[in-house]
């Protein structure tokens, strides 16, 4: 974990309210699933950094992909090349690497895409499902669909792109098809992750999920971001955000 | 130039900048970012007799220039702290202040006894906790209760004792004097302010615990006034806490009467702020030609 | 859809958004920006028996997401208000709430009598003022003093009486009940928080008056908690004040239990915020399919 | 007084820490000495608008000239073309127009330049004195010195430009020279304004000063910005910022 200046190089809208930002940042190597805490402004409102997954890191060029939700991400969307922020990271544990004979399945819903895409781009084999509401909510489809040896498919709720329906339905179909042992990597809304965990259990697949919790520090000192596991309660930022899906005690 | 401050005959901090309780855990994470030996002191997460689970999430909610936390005093308990965390902290050349609380007077006293061991520099007693036996009203809200609690804890430990006051009281000076009469060696001013946040879309509170405590720059102007008020009335040292983010804030709190300061929320945002703050403070002293921190403490000119 | 709110049998506000005292002067300046008739009500600058000069400058100091003011209750006095300002305000189709204060119980009572005239919709009593006869402690800090003061003022006027509480007390519920027992018709929660600011270069306070009152978004989370607390305990309407800047804030305060809100600091920054807030609030009601504001008041779900 | 969107068109450093900003802004006409309250950011820190004199207004192009002091002006210095702010104004009373047979003397110290320059550019006759610490603190000298029929001179404390010394000393020399009735328009630090008022009194000149006070609203509702005059106390924002110098009760 380091704190580094991050200088905006590019910031462009790649789907509805979703931006791809490139930062010049002298950052240590990362494991997909790891994130950074970005300090967007120098004044005290908003006060805290924002957690954002690392999408890629090549040399000193770091990519993040974010959706505008509230004050922090709105400010982020207004950044121009040359603007300076502060990045703390890489933080968290990150995903495991799939075993040699395991089929890797990547599945992302909504803002869950960045860590999943990062992983698929690193592993370069397996199958990827991205779920969104409609065509305009799918960022970077060209990039996603051209990862070598990764077969990508999209589902949209309104049927405007890919298969109509939910990503979890596509997952079920996929799991029916596949015979070899598989590992599912998932990130997205909690309801989706629960459903994926259920399917993984039914089909006997391994499953890793990346969780989102409200964070203040991002490096384990404030206890804001706990999640209950079968053993004890864990800090999502420091002991996660990636967990064995079967260890999570999901909220009702 | 000497930037150390004497709090009690047995406790001198190497500089007036401490971590605050609850935003520094037990120091391990920060130790990966900088050498803890440069701190005036480390204040640990608040400890209780038994490990405590804390509140349901969300436990944190950001507000304008501040944050509300409802962690719920989650901690590993005194025994685990002594066994697993204290040895680590003792490696560093800094003062170790252990923050603690109880839900009854007996528990407070037991804690003070348990923590009366080598390697701990001082105790900080958090009295913003409901007294379960007395119908849930906070220990820090009634001067009689606070005086007695302080006196009993005082006689249970040989360590310097800081009492961390609740800020939301009618007469903070009265509470300060109660703690002082009970035998406190210093007063930490102050804890977070009771606060809440609501999501108007769901019509529900944002925090799992409904309410929490407000900290950060938002409360700094109130904390500054409290420190000024308390340090005029009490004759024991005041440790300031509330919205401190820069070395300028440190100087301001010292001028208002504090002998040292604790940095909480700011270190969540900028974990390296400690090094900047201590450096900036030393530079200020140097530029102003000050020889000792005592030339600043309470030296606000109000004529 | 009806966005009006009934505060007392004789006082219905056309919507729940009022100006706050001290940030709206007597309405003239704002009337050049928008039609005051769209407001739920205008609360005037706090009036005293005689004109009052106020404090030395600087009287304002900005802080993180807030501001400290030490205007010192400068005002033109009740007589000049009645002669010169009230006729102007009466042109508008809105409720006129006159904020007032005194330095003794007698002065408060005299003010209430003097302001018991046509054209004034309600009185708002500011009790965050030192009681000069009682050694300078604020009227709003002792429940017995507050109950008596309220009762005496109550019998001196036929107008609906709002009591504006001081927030910095140990048990705000106790103060609320004291005012209620004294005969208050509504409780304004709450006034500014005692605060101060220091210039570390000069080692002097920034405000001419040394201390002042903190307002603005910084205090909103505390004000929200106070409104929630008070509205659970009192059975008269609560008017919220503290850091409200958007229609979202308005909804949040109503959910917490307020019947109406006052906008202070936000209107210094954005004088046109009233029109946006009232429009946004009406849109929210419409989108949620709410028929009346009472479907929001106190409807926070905490299960 | 109107509230208007103000879109940054240009923002450049024209002297040490001093920026000239051009804003596209549909603003009513102004009188030199009037100012605007600029809301620089959309979050709550800093919370208040900042008072800034109007330097010029041509069509919908408005100029301000500002010195970086604290958080608000720092944010302002970071603005780029296209950034949007909110301007409230024109506010305050503004300077009077000099009488036909009056010699107009304009004198500015430090950040007092903008309203003085605005006035000189409008009246287009008279004499202007600008005082600064050194050469690098004098913005827009080309522009100042080329106003038709305005004779401009500069003084610097370190002697690096113009005459070495204080602007008030140059004023004294000027007043000695001038025989016809004159009116002095001044803006700058309070100490300088007091001294100018003294000289005006000695030489029998009329004198108008533009004052600075901490402001919160800028349009007369909060009573933050009062100044004592021989008659009563006045709001600098609404009843000023320009006052008859002889009416001011200066602070000790």
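First chain written, first letter: the chains are A, B, C and D, and each begins at residue 1.
Heads up, the rule we're going with is that a residue touches a chain if its C-beta (ideal position, glycine included) is under 8 Å from a C-beta of that chain, and two chains touch if they have at least 3 such contacts.
Quick caveat, the model's predicted, so the values are computed rather than measured.
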* To do: Count the smallest number of chain-to-chain hops linking subunit A with subunit D, moving only between touching chains.
  => 1
* Asked: In the absence of subunit B, which chains stay connected to one another through touching?
  -> one piece
* Asked: What chain lies farthest away from subunit C once each centre is taken as the mean of the Cα atoms?
  -> A
* Asked: Taking each chain's centre as the mean position of its Cα atoms, how many Å separate subunit B from subunit D?
  -> 47
* Structure fact -> So, in whole Å, the Cα centroid of subunit B is separated from that of subunit C by 33
* To do: Would you kindly tell me how far, in whole Å, the mean C-alpha position of subunit D lies from that of subunit C?
  => 36
* Structure fact -> Multi-chain touching residues of subunit C, meaning two or more other chains, are 64-66, 216-218
* Asked: Counting only residues that touch at least 2 other chains, which ones in subunit A make the list?
  -> 43-46
* **Chain contact topology (line, ring, star, complete or other)** => complete
* **subunit D residues within the subunit A interface of the complex** => 41, 43-46, 71, 75, 80
* Touch list for subunit D against partner subunit B, complex -> 43-45
* **subunit A-touching residues of subunit B, taken from the complex the two chains share** => 22-25, 29-30, 32-33, 45, 53-54, 57-62, 64-67, 69, 71, 74, 216-218, 245, 265, 267-272
* Structure fact -> The residues of subunit A that touch subunit B in their complex are 1, 3, 39, 44-49, 86, 88, 213-217, 219-227, 233, 238
* Structure fact -> Within their complex, subunit C touches subunit A through residues 64-65, 217
